[in-house]
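Heads up, the next two complexes both have chain A, just with different partners, chain B and then chain C.
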Partner chain A sequence: MLSWLGEKVDPTKYLLGYALVVLLAVSEAFPMSLSALIGAALLVAFGVSDGAISFDKALSFVDLELLALLIGVMVVVEVVDRCGTFRYLALKVVRKALRRPALLLIATGLMSALTSLLLSDEAALLLIVAILLSLGKAGGFDPIPLAVTSAIMVNLGGTGTLIGSVPNMAVGIKAGFSFPEFASYLLPCEFALYGVTLALLFLYYRGKLRLGFKELELEEIEVSRVDVAKGAFLLFLMLSLLVAAGIAEFPASAAALASAIAALALSGFDTLEVFQRLDWDTVFFTAAFTVIIGVLESVEALKGLALWLQGAAGGSIALASFLVLFVSGAASLLLPNLIVALSFIPVIEDLPFADKRPLWSSLVLGSNLGGVGLPVSSFVIVMTIGALRREGYEIDPWSITRIGIPLTAAWLAFSAIYLLIRFGLL
Partner chain B sequence: MAKMEELIEKRFKSVEEKYREELDLVCEALGKPCIILHVQLPEGCEEYRELFEKLPGDEEFMAELQEFVREALKKKAEKQAREEAQS
Partner chain C sequence: MTSEGASAVKVVKERAAAVAAYLVVALGFYMLSLVLPPFMSGLRMPGLPDPVARFDWLFWAFLFLLAFVFTATAIYDALRMLDPLFNVLSSKFGSAVRPGKRIARDIAYALFVALTAIALAPFTEPLGQAAPIARALIGVGTLLILLFLLYDAAKTIYAYVRDKIEEAVAKLVR
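Up next is the complex of A and B:
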């Protein structure tokens, strides 16, 4: 990249700035958003002083469509969460399966994954773990296998839809995937992975599930049926609008914003309270990190990775997809998956393949599935350990790694086979 | 290992309030209303901080607390009934 002074811009300091942001984010020295804002300020200052970009250009790197989709979905999910719809459904399902340990593991796992398809991973996990721990104490069963299953399934859930996770939104928008299109590429893989994972977890935990269950006095679930129905309707509305957006070819972000406005207007909840509870750390992080990536692209700092991938794949889309899948999967073992997804997007854009659907799908799978390998890389695992300990259950963090690493390897291997079949890469 | 424990504690603390809220909502939905009490470490017990932080997970302590609450509620109800009868 040549600056306006006609000199070639050396990308080294930009890459060092990027590395600093990643380090700050991983070390949690600051909140994620502040780490990214510091990095964005630094890289924009480098870019402007080198004449590589203007300040206006830097502002244009903020992906408004992504932010609109993210905030729209967050508002709807917050309103639905307040309606208690997920709590009611999860309680119904878990209580139905309460006296049959194997069924309970499967029901809990499925409920966790399906809840996290729509709720954030954090909200989904807190809900399921709170249910398991409150029923576990009263029912005298060991909640550890069920809570760990929940954490793993929450991490898995949300891979298959455009709104399932923030990396999905970022990749989906860049790839130009509509909601139905995204689901058609990735949802079958996610559902198949549910089956594989639950089977493996059942085999692993079956000895620990045969504990005597106390008879529980099950009272009626006390929630407002009107609120539960309202939440279900708002979810249905959002999903319908997202599908309609795909068919009528208007942006998913518009559908999400329309759903958010409807949710705020129809729910009767205090709008400002809803706004206060949104995950602004993720919103600001996403905005700032898209600026960082924009600056890196402007000075062609990520070109090296694209060239390496291109060379290693040797023109084969199957090999390039596998590389994206495994490299992004391995990277998200150590790094937050949003950093991995946002960093890989320009690399895929640079690859010279006409049909990039397998590559985008590989990135979604890789960045979503790498999260449970190590406790440090997975917020849901850490939350599960913390909640179990607060309730007096002792759990060794590395015991989850012993399950997480082989599971991640199995997921990635399964996904590679899925990609071969789904996109006819054989 | 110590670093890992520190990280787990730090991260969980950032969501602990939300977790307690969720736990209360679940208890309430199950017909068992909860109240949240913020109890400070009593003065002079600074050296027992670690034990203090483990109390919410201590079943024996929770059973004693439950008994204490039961007795307190009975006393309050009796007092209220006496006052109502007098007035």
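Up next is the complex of A and C:
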């Protein structure tokens, strides 16, 4: 029996249910969504039979605002992707930078990070790595440094905006951050990290970036310029509505849904086909995991972590922010970052600080930045290795770890300094 | 039936026959260990303490050891009979995976089964007098599945460690 709970409910089986979800997800026994649904069903059954919650209460834990934001953004991004806008822009940028190795590395990195601000990490990586591999074949250069740079920057990209990643949406909505407010806290840090990362990667790879171009036979960009413009307009519309939502104080989820409806109506694509291509695994995982966290909160099962953080911080918001940053960063090395973010949200809500902006920002940074330390922690790293091997390039997974671990440490250390300065924690 | 299924059935049939044969032999030696040693009672080796000085005890220990070895072989073969079943099950839950992931999955499934049993137990209350029977059925079923999963995890750990040791020994010998 865990002692902090008092007399009401023993949280051990609830925590074991949480551990089960993590284990099922990490061992890839089932898809993420099914793992979370199994865990949610078990925890709700425990909660109902212990009299801690009712079934209606359990359903109320599903965060509809978060789901609306998530689905709205997914629809817009899917439509824009179908318009070919991302592919067109990526090919344009790479062609411009083609004959200068340093510029190509920087352009690849920036393009990867900026694309992942909107696309999912996996989709952004597939897009960029496919272009790099076709250029590698055509130009006879080693695409490994550029592909690894792309994977690392895709992981970094999307840290600074409310819609940049699902953990950001979850944290932003709970924290009550609008789109501009979220960006004002985190986007400067993300841009600064781009500079730090690209400089370190350039130093690491500079000896391997010699390009041996012959006459290139690059693939033609087969997209309609009208569609590309349509996609760019829809992106602009969504970003404008999200900024307007922040200013006029209406929910970001409403702006995302309005953008999604506009995108479906204006694009002319088959709506059902667009729906079929959405990442429902993430949607259902998010819904089920918010129920799990809701039940854990009801039985105060996460209170131990909150109490530990509170005790360790000793009333200092700076120390508490650092602890959230480094503990969530370390946890993201091993666990999917959405699990880390969703698990820390109630912990931060429990902490007795009046201004929690530094804590929320720490959680966003920690859960986003821990992803490239180990091959097991990042699906984008695994995808990069797979894509390179399929094309006949041999790459040792641990060679990425040798870059990933120091980079993650540098990112977290830099973020700690940023938080000190940005929120005046000194 | 697929070729995989057919070979699984063949392995099960072979091992079942072996288990039966080993058990019969083990039982035979055990019976002999009860019957024959008394004929040697009274014979002793000089200068040794009991029980090793007694010929009847030494003969009993010899026969009992044989019975024990054949029983252990029967148990080992019975466990091997489960292997095709595990292979079929693991192919149902996804193709062959690395040992670490397979162990993690076994532990996850075991945890899932145990927690499901805990979650189901309170919902047997409306069954009235049948509730204890339902709970016992859930408990026994859970225990069997847990043993099954933990055996698979143990087998995977054993095979992994054995392979690593063999690799290390091969390197040392070179």
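Criterion: the second predicted complex is superposed on the first by the 414 of 426 C-alpha atoms of A that agree within 3 Å, B and C clash if a C-alpha of one lies under 4 Å from a C-alpha of the other, contacts with A are read in each partner's own complex, and residues count from 1 in each chain.
Everything that follows uses one rule, which is that contacts are C-beta pairs under 8 Å (C-beta built on N, C-alpha and C of every residue); 3 or more make two chains touch, one makes a residue touch a chain.
Only a predicted model underlies this, so the values are computations on that prediction, with no experimental measurement involved.
Counting residues of chain A touched by each partner, chain B versus chain C, the larger count belongs to B. Contact with neither chain B nor chain C is seen for A:Phe284 once the two complexes are overlaid on the shared chain.
Once the two complexes are laid over each other on the shared chain, residue contacts for A:Glu28 go to chain B and to chain C alike. In the superposition on chain A, contact of A:Ala387 is made with chain B only, not with chain C. In the superposition on chain A, A:Ala45 contacts chain C only, with no contact to chain B. Contacts of A:Phe322 after superposition: neither chain B nor chain C is touched.
In the superposition on chain A, chain A positions 28 are in contact with chain B in one complex as well as with chain C in the other.
Contact residues of chain A toward chain B in the complex are 28, 84, 87-88, 91, 122, 126-127, 129-131, 133-135, 219-223, 375-376, 379, 382-383, 385-387, 389-393, 397. On the chain A side of its complex with chain C, the touching residues are 13, 16-17, 19-20, 23-24, 26-29, 38, 42, 45-46, 49. In the complex of the two chains, the chain C residues touching chain A come out as 93-94, 97, 101, 104-105, 107-109, 111-112, 115-116, 118-120, 122-123. Note for the complex: chain B touches chain A at residues 4-5, 7-13, 15-16, 18-19, 22-23, 25-32, 54, 56-59.
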